[in-house]
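As structure tokens, here come the structures.
Next, two complexes with chain A in common: one pairs it with chain B, the other with chain C.
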Partner chain A sequence: MTTLQATPPARRRRQLAPYAFIAPFYVLYALFMVVPIGAAVYLSMTDWVGLGTPEFVGLRNFADLARDTSFHKALGNSLIFVLVSLFIIVPAALLIAQALNTRGLRARDLFRVTFFLPMVISPIVIALVYSLVFDRQYGLLNSVLRALFGAGNTDWLGDPTMAKVSVSFVLLWRWVGYLTIFFLAALQAVPRERYEAAELDGAGVLRTFSAVTLPAIRPVTAFVVVTSFIGSAQLFDEPYLITGGGPGEETLTVAMFVYRSAFERQQFGYAAAAGLVLFVIVFGVSQILNRLFSIGRIS
Partner chain B sequence: MTHRIPPPPGTMSRRGLLRLGGGVGAAALLGGALSGCGRAASAEPVTSGSVNLAFWTHDQAYVDFFETAAANAEAAGDSPFRWHLAPTRAGAADVVTKTIAQAIAGRGTPDVAGLEIGAFPRFLRGEIAAELLEPLEGHIDADVRDDLLPSRTAPFTKDGHLYALDSDAPLVVYYYREPEFARVGLPTDLATWDELAEAGRRAHERHGVAIGAVAVGSDLGQVVQIFDMLLMQSGGRLFDEDGTLTIETPEAERALAFLVRGVREGFITTVSDFYGPGMQAALKSGELIGQWMATWYKIYGLMPNVPEQSGQWRIRPLPVFSDGGSRTSFTGGTGFAALTGKRNTLAGVELVTSAYLTPAEQIRRFVDLGYLPTRRSVFDDPQLLEIEDEYCGGQRMFEVYREVVDEAPVFYLSADKPILDTVLSGHLLRAYHGDSSPAEALRNAAEDFRGQTRNHD
Partner chain C sequence: MSAVTTARPEAATQPPATGNRPIRRYSLTGRILLYVTLSALLLVFVAPMLWALSGSFKPRGDLFEYPPKLIPSPATLDNYRNLLDSQPFWSWFAISVITAAAATAVAVFVCALAGFAFAKYRFAGKRLLFSVMFSSLSVPFAVILVPLFILMVKSGLSNPWFALTVPWVAPAFGIFMMQQYIIQSIPDEILESARMDGASEFGIFLRVVLPLLRPSLGALAVWQFLQSYNHFMWPLVLISDTDQYTLPLGLNILFKAEARQFDLVLPGAVLASVPTILVFLLLRRQLLEGLSAGAVKG
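And then the complex of A and B:
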């Protein structure tokens, strides 16, 4: 009996074939992930205005960032928007989803579309509209307040605290509907029998919510929390378009700090260093959240 | 216990594959870095004949003006070139961003670019201007060079090289709505800001009007711009010739104190955007009846926002500060530059100088675009002096411009101007709110500025 043995070149081709099939992913991954990250790491250790040869400066950019009050301010502001996102927007989305999931609710689709609508409106239009709403002197909001209460002189975009509140409000308005869709989908997938069992056990509304609803939608909650964290930590559009980071730097976020350093000040090395710090923070916290929610470890 | 099964010889482990990916990435990174540092070889320069010029600007009006200028020069037989413009329009900041990005890519840069003065400081960082822009001083006759207003060449000059020719000499004058001034009993010939402030305060108390506005919105450059006009008028400036910050001065304190007083007492109002809905509402409602602003503001601010107020507006020299200064200031401008080291560099230089340096074109520029001449001698042209402006009630505006042009202050740009815009705008707003005194605001802004520019000189 003879055994058919593949010749070495043919065997080698067979061994390499699987890698050839998965190669496109790795090539693209290398080109669009490894290279930009590597370039950012290298740039972060240089002083480069955008033209000419970058001058290697070691860790000086990171040392400067550690002393830069502007960067500290940006980190603090980003933290505030992250907290707003996680502790106001996400719970609000869950509550709205819960309300929309109520049995017998009429015009459910209309509500859903209404809440989702801000998500599909261009950020430019949103900025234009809210600059008209929040204008201290001639804005709609102050005009309504004046008409109703006789007083409405709040500088919504010029006061440091109110500017943060205004941006947070726009974030809430824009993102809550989008997140609601996820929660609503998760809530609709919770088996009805579980609620009936809880009802038979005499659980109240809060008990049912904490013992039945929350555990059942945990995977979706984890997804929403992690993506909301990443999105808000890298927040750019809303503060850039509505307040420009102002007044002063009161709504400046880290992503805006990076943009400003690179494209307004021609400090590409410094911008890369700030971007790298943001990347490390976002990556690190995302990993912690992954572990907290046991993402990918429970079925 | 698990045993790791070694891969058969000749196959690649997952770790090996990742290493390979890393290697490919590093190679690509190195290649990318090298190509980024590389410069496109410049071809033989075009010295005459027909030439297609990539022309980048933020304003279509410039395209129209330069196309006509090219046709005029060709008809007059003054130039060896026949230009055909290939215009690209982008935002003022984007023109700079894209020009630098294309330069990094090594191709696709414009031949001629209009660089708005607010975005131009980015060219002053490092050697960007020297690497990208053609120095123009060698292409301009000595008599013409001497005739150019120093105040309009200084901002576009670095290390003794003039990199762009300004489109305008945007003198700051005081716009006022004459019938409204008469209605509320405001004299139009008060000589000092103090006198106008006192009269304005009374008018505000009785009629709710304001004689000026400051910007308090998200455009940080705008917030600083309104202050900067009065700062220069009072004899100060943001930066010295060598780029040193100079805002901790009595002149700066005086200008800011006036604005703070105005905001606190109400005769100066606040608007979120000088070119947007906030300003339009202030003008249309009749609350704002005066404003210090550049000559171009009539065309870009008043006429589009309040066309119904045509015939009511007038201009006059700025009231002066009691402690000194001039009757005018500057704000704005756009410099046109030719990119260096390109086939079309000479053609680009020739187009810019033909369009911007002849008296005939400077006169046409004012007539067509409303931009003032940058050659001093053209201010005496009788044709310009006789022009009556319909929007300003038939006023001969050029008489005002000529009256104050020799008082115009020289100012300098710095690569760190964007940083100053950020830090100073915040402290200006705090001063307007009454959270800090003018002196404190300026001192804190200077301190923040020094902190942010520490290692990026």
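And then the complex of A and C:
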């Protein structure tokens, strides 16, 4: 009798429990993500210097953005960093993971851990170390070049192309070890029989890679690609700290454009509009990628 | 294919067996080439860090000597002394560590709890709620930067103790990671038998699930701490009072100062990095395996 009565509340509690368990996330999600995005939509349609009442201006901020060459520059630069990240850093991570996955490799852990190390260091520390490395007169890089080749006078941070190359290099240095971890774990999970079968079929290195390795690591590749896309599209720390967006606006990214509009020029509405443009692009593209690769689904 | 649920627990943690039947015998030169390349890469990775470390012990005039020397001679602790005497370094350090530790402690609990719900319960709306949670990973911070800043200031909460902790205690990445790990490592039978014994659902989480999660909780904690400790953009916008500066902000003003005080900046950089590097080295296995476990699917 008592057990019969006890069952319904127990079952009910069991049905309600998961909602209670995920509630903290959704409360914070609503307060610190949904509300701010809503506020951004409102702000983007106003003119506001941070004091007084925001003045409603409709879609004028977006029209201004469409004509703002600085914003175009920022979009272009962010795109460059996204491409660098997807087509240089991600493949480099896969290559390193392949190398580390070589059978019988000694000191695998030493390599793995060292390559990951930049990821635990603060961006400000990385930035100040690299601004010393890249310094034209006294930097480590030019000193080494001078010592080795007798010539080293490249203006790593002052030349428009070199500044992008330098920032990209720092991104590579910082992220590649992190992404390697994911690829390495995936490669280690590929069943050995598949390689043996490929070898019996007389497949070469490249053929084995495209027929065995790539399909097997597809889910991880998808995860890495999406993560890298999201991370690089909203790049801020490295260019802000190392080049300040310069020379000129050659390394200005969209996130820096948002920061500059709001906190250096007090154009809060304009900054919110630029932020929304970035949001629509990044969110839209990653939803498409997630669909495409079926990431983040649950049964 | 449901990518998320078919993960294999052994995949991420097992190093490849060094069996006796090598698939492809690499030639000796191939092997030497591999070691040379990896070692060269290793050098590229550590050289800037070692150079900065060595620079922090060099007298001001030797910082930019040519050719650059790795071992400082003479070595001096003056830079460290000057930094600690002239700057509120320990205050920056304390604010960074305390806010990061507080955010981490709560985040680990919240993520494990939500991850448990997504991993082990069936409930109406689960698919939708999960994809809402997961899609929040693709919201760029720049879109909420301005409105969140305004909301914090307007509501009088723009102090580091609130603004650097509370908004960040439920990271979606952590929930995803925990959900993956719980699916892989906690069998349903344990939960059922705990229920038979009359345990409440929350009791099951506290006394059965949490203890079994310990290794991945460590991984999540390290990750979350690093994220919080190293966060730059949000504190940069939020904190204007120099008494409340975090470590990255403090180093930033030294770095951005007119005279580029590299003799103060370098020891600061070293002191700021030592704790995170130590924690990482101590927990490296847990962290690296915990991070990749979620993403590796069969």
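Criterion: the second predicted complex is superposed on the first by the 262 of 299 C-alpha atoms of A that agree within 3 Å, B and C clash if a C-alpha of one lies under 4 Å from a C-alpha of the other, contacts with A are read in each partner's own complex, and residues count from 1 in each chain.
By definition in this document, a contact is a pair of C-beta atoms (placed from the backbone, for glycine too) under 8 Å apart; a residue touches a chain by one contact, two chains touch by 3 or more.
All values reported here derive from a predicted model rather than from experimental measurement.
Of the two partner chains placed by the overlay, only chain C lies in contact with A:Tyr259; chain B stays clear of it. Taking chain B and chain C in turn and counting the residues of chain A each one touches, the greater count comes from C.
With both structures placed on the common chain, the touch criterion links A:Ile242 to chain B but leaves chain C unconnected.
Residue contacts after overlaying the shared chain place A:Leu206 against neither chain B nor chain C. By the touch criterion stated above, A:Leu148 is placed in contact with neither chain B nor chain C. Within the superposed three-chain model, A:Trp173 lies in touch with chain C and out of touch with chain B [touch as defined at top]. Of the two partner chains placed by superposition, chain B and chain C are both touched by A:Ala39. By the touch criterion defined above, A:Val133 lies against chain C but remains apart from chain B after alignment on the C-alpha atoms of chain A. Contact with both chain B and chain C is seen for A:Gln15 once the two complexes are overlaid on the shared chain.
The contact surfaces that chain B and chain C form on chain A in the two complexes overlap at residues 15, 19, 26, 29, 31, 35, 39, 131-132, 137-138, 241, 263. Looking at the complex, you find that chain B touches chain A at residues 8, 10-12, 17, 20-22, 24-26, 28-29, 32-33, 37, 93, 97, 100, 103-104, 122, 125-128, 131-132, 216-220, 223, 269-273, 276-278, 281-282, 285, 415-416, 418-419, 422-423, 425-427, 429-430, 433, 448, 451-452, 454-456.
Across the complex, chain C meets chain A through its residues 1-5, 8, 11-12, 14-19, 22-24, 26, 34, 37-38, 41-42, 44-49, 51-52, 55, 63-64, 66-68, 110, 113-114, 116-118, 121, 123, 126-127, 129-151, 166-167, 169-170, 172, 175-176, 179, 195, 200-202, 205, 226, 229-230, 232-233, 237, 247-248, 251-252, 255, 262, 265-266, 269, 272-273, 276-277, 279-281, 284, 288-289, 291-293, 295-298. Residues 11-12, 15-16, 19, 26-27, 29-31, 34-35, 38-39, 42, 47, 49-53, 60, 64, 67-70, 131-132, 135-138, 155, 157-159, 241-250, 260, 263-267, 270 of chain A are the ones touching chain B in the complex. Across the complex, chain A meets chain C through its residues 13-15, 17-22, 24-26, 28-29, 31-33, 35-37, 39-40, 43, 96, 99-105, 108, 110-125, 127-133, 137-138, 140, 143-144, 146-147, 173, 177, 181-182, 184-186, 188-189, 192, 195-196, 199, 219-220, 222-224, 226, 230, 233-234, 236-237, 240-241, 254-255, 258-259, 262-263, 268, 271-272, 274-276, 278-279, 282-283, 286-287, 290, 293-299.
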